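Presented sequentially are two complexes of chain A, the first with chain B as partner and the second with chain C.
Entry: the complex of A and B
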């Protein structure tokens, strides 16, 4: 793994003059980066993905701000520059992001060049919002779902640095679907979610890889009865790379989280999964589970998985499981004995494997497992 | 927890440490400090050949450039390596036979229940039962004070002696295998050990030989401000089998003492090594004062085809445990196993687990780890399963469960799984929970008092591991667990 040249990253950040949202207070973030938040050699978070390309400051595109476009969706969606949301932006931005843990999100904040606020007012049962590509390099999306409101967010993203912050207020519900088509570059994503009491958040993430793609997900359970359900599926071919790093943080008693991720890894692709469940002292009566299952179908593919439990409370029920394996030869034989060729049989079994965690047609299309 | 109160819970985890006494004997102890002269002194004292002195010095120079690993889920103040004494031995000439050993020392082992007389029966087992004998190598601070049943073993062709003896009597074997599994620059503590190791056990089982009895080493730290750095080397030739047990205790003291051992196992074709540990170093008092820092490197290589290495450990002692008994599965069809019970109480911290590195075809590994945390302790499982590109059809199954007793304890699981094989199968499962109310209720309903019930449940929780222990150790382990948990569970 390469070494991130912290000094030159800091230097370029200090020289950087923000033109977009100059009124944002960036000082603390810069101070924090200077204070050693950048990845060190042998950084655990970058064990299997080379961090250097992610921190390469060469392609600054801060001039893009004038071209920022907001997708033509109904109400609720407003660009950061609008005066009407300035207060929301200053109130919420970085509230769900632990910038020390996610230094790329900190850099993204300093260099932000495009932002969107989705604000669902209390009790509003908005059907759904689609959020496509945004025209900017360092994108920030704030999703605020107020008390008892509901939202379905369908997001498509490739090739950028995008930070999505979600705030689920008491009793609110957010259904979040993310589609990640193949990319060719270096791609960083962070989804950070704060869930208040009785709030509910669900993620369905369908991914392929990029030259290098990193998905960080951070969920904070902040109230009794808060619920998070994360599911994801990925299909990696060729030399694509996908690194999923998930941390579900139970900061409060009486929360529930369930995670189920499955991936199929082919050719020379590389799949990395790290799923952490953190239970703070006093976060009693927590129920948390995590499953990660991987299929490896090529001799050159690489799969790394690490489910982690970090538990500081005793009245909890936690479990995790991870497997790496291949298609069941008995099942393949069964198909073949009934006249279905090996290639078809394999395709059917892979579909079946991924379908456990795929519940949307667009997800199936993306993963190439339409029925 | 239904119908239980926290007071009795706290009580059960507070058993006394029975091995915490000090033996008052004259000892030659080096003044604290570490430099080239200390390394040379230890080597000279043991009358070692030039190559070994050089080997130690190389390790020492390598160590100077290394940094203490801090990635473990454990916290401890900086260790001052210059304040430790690196050599301590009972005064006088090295005893030739057990009869020449200082009676005080013999009494110490007697008190600990370790039979140093060949006719003695094993402690912890009913007197009336006839037990097969166990050969013991007793290590007191920095030196081995005696090894039993040497004659019987020699007849079978098995070499079992202290490391220092092996260097003199079997220099070729030592030179060939020393550092071949854990190189002297492997990690900070292994490098330190390579520079200053004082004694330890050496086992060599020749071809197609089944070692006629269990071998055992008993380590005892006695002197104040000393570190213990022993080295164990076990070689099982083609078709050989050996079962080896290791036990350890130390006096109760307010300061922390360092124990940095290295264990190397080598199994050739069709050989099997079974290595069992009951680790009961002094864990420190209720407020976390004192106790042993147990920073140990243990690794085995299944060098031959169809060879097998099995680690079984019961860890109840030490203020801090940092150890990962590992197996490198190099031979085709070789098997690695790791069974572990780690119990932490009060302020104890443990970061322990295993590494299974699959290199050969059809290699298989099993990991069963049971962690129990009580009081304000922290207990982490950290493991690695790696399937390298050549490990055709390799297979691993891992299960690690944690049991939480008490509101302030912590349990962690960090399993690394790396696969580069399309036909390898890796399965990992982990659960964390406290003693279930339903189980407790069931026991209590049948008139079993809460303390007994929890003890039963904990024993059941650990059964998969205890089953792997040799009989004598299983008895000891069960007792140890009961004592360590006393008052903790209601």
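Entry: the complex of A and C
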């Protein structure tokens, strides 16, 4: 049964007795939620997605896929239980997540029942790790890429509640790909990334929707020369829902960030995008861009997009743009005049539109735009 | 035989008449030039023949090989052998020229009940056509018209014509945006394409394209009507006198 008001959510969380990682200190997190951090319906961050169903998600068995087997490599360990990773966990957990801003991640922390640590040692450049479905409802993935190391991380599904925390050390590179197949449940995802000086993080996120799916992405630029490149594409059909909320926080001078997201929204689907660039007073010489382009091919589909800039430094280059449009009738006529039927023309044009931000074959397959 | 037959075609946009009764017969093996000042209705005529929906056909008919096509979709007209080279070719980022062309060739093969051409044979055909127009075959991998110069866009239109092999090609100001060398290459491509079974209609402001492709007939449109028809000498006369003497007739 879903919980409908904040008081009963808090009550239930207080009564919750963790069986997994009982040694984690949960007191501050609980205090923060009691202090009123729970998301309120119709608040700015939850304007188009009702947060209440996320408070107590029911386990959605139908979304489960095969349990992944993670290849045994020296650099990473599965599970938070072993003593070897306990120190890493206590050092890093919640260091990239602002729990007040992301209260659903706070709930997830309290109820954590599955953990993975991926730890790439300094200078190790050979890692590629694929992460599939994990056996738990409140999943936490800690990704630590040490100095001058490299990691390619591929999530082939993102599950119903998964918090991924990434730490990119000086000079390290993390290439992160996420595939989000259609779901029937209520999915919450947060990817929170801390990037140190000259560190580089790139995200390629390919999404479909779920009954409700929320993707929060929070990037902290924490050193000179740190860079983040976030790209994403989504294809929404039927009555699926996708809410992407991105915040790139330039906390230090001389960082670069690029955000480029595109979506195609069909049928009665609903797409929400909020892209924020925050530039702190000391983050001079920041270079930050953001674009979101949307195609709406059905009169019943809904698209909401909002770029947000919060700039407190005066020597920065920052640009943003968001569009919502339909297929260009001139382009359609061009195709038809060459003998390409309207339905085929539409499919090729949509594919071309999304392809601008899709650079992986598995992403194309997920979005149904294979060549 | 008449490949393209237009009789008493009147077209308007909103309540504004653009074409006021056009008659034009184009037979196999012929090259026609349609000339006229800006705003005379030349491009409207080209687009209406190709089936663009933004226009209201008030009366008249358009027939291809004796079959009325006025109610057909643009793709059905293309399947029957009609081709329009656009005055302003559209840029389609994210779709390669090759993919676009292959989709067009496949669609036309399906409509004709022919087997689809293999990717290898298609590549070969596209390469030959590209080279004929002085285009680097690498150009086929680029997005459709994306970042092309004006001249490249126009050459790309002719490339499509060479590959699709239409019966009737209407080339809407294909010469504009071409420098002298490109004009000659494009004109040679068009000339080499024409034969006794197809026909080309050149829509143009200027006579200079006609120095390279000798037209059998020249028609002048002014204020939505064909006000004069003649042979190549008419185009030369227009070059000398301008259009105003005909508009004032």
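One rule holds for everything that comes next: the second predicted complex is superposed on the first by the 342 of 371 C-alpha atoms of A that agree within 3 Å, B and C clash if a C-alpha of one lies under 4 Å from a C-alpha of the other, contacts with A are read in each partner's own complex, and residues count from 1 in each chain.
Keep this in mind: a residue touches a chain if its C-beta (ideal position, glycine included) is under 8 Å from a C-beta of that chain, and two chains touch if they have at least 3 such contacts.
Since we're looking at a predicted model, the values are computed, not measured.
Asker: Report for A:128: first if it touches chain B alone, second if chain C alone, otherwise both or neither.
Answerer: Neither partner.
Asker: Could you say whether A:340 touches chain B, chain C, both of them, or neither, answering first, second, both or neither?
Answerer: second
Asker: Looking at A:299, would you say it contacts chain B, chain C, both, or neither? Reply first, second, both or neither.
Answerer: Only chain B is touched by A:299; chain C is not.
Asker: If you tally the residues of chain A touched by each partner, is the higher count for chain B or for chain C?
Answerer: Chain A has more residues touched by B than by the other partner.
Asker: Where does A:320 make contact in the superposed view: on chain B (first), on chain C (second), on both, or on neither?
Answerer: first
Asker: If we overlay the two complexes on their shared chain A, which of chain B and chain C does A:351 touch? Say first, second, both or neither.
Answerer: It touches chain C, and chain B stays clear.
Asker: Should A:184 be classified as contacting the first partner (chain B), the second (chain C), both, or neither?
Answerer: neither
Asker: Let me test your reading of the model: by the given contact rule, A:331 touches which partner, first (chain B), second (chain C), both or neither?
Answerer: A:331 sits against chain C, while chain B stays out of touch.
Asker: Quick check: in the complex, which residue numbers of chain C touch chain A?
Answerer: 50-53, 73-75, 77-79, 83-84, 86, 89-90, 92-95, 99-100, 103-104, 107-108, 111, 143, 160, 164
Asker: Quick check on the complex: what are the chain B residues that touch chain A?
Answerer: Against chain A, chain B makes touches at 71, 387, 389, 402, 404-434.
Asker: Tell me, which parts of chain A touch chain B in their complex?
Answerer: Counting only chain A, the residues touching chain B are 44, 281, 284, 294, 296-299, 301-326.
Asker: Help me check something: in the complex, which residues belonging to chain A touch chain C?
Answerer: The contact residues of chain A facing chain C are 328, 330-331, 333-342, 344, 348-349, 351-356, 371.
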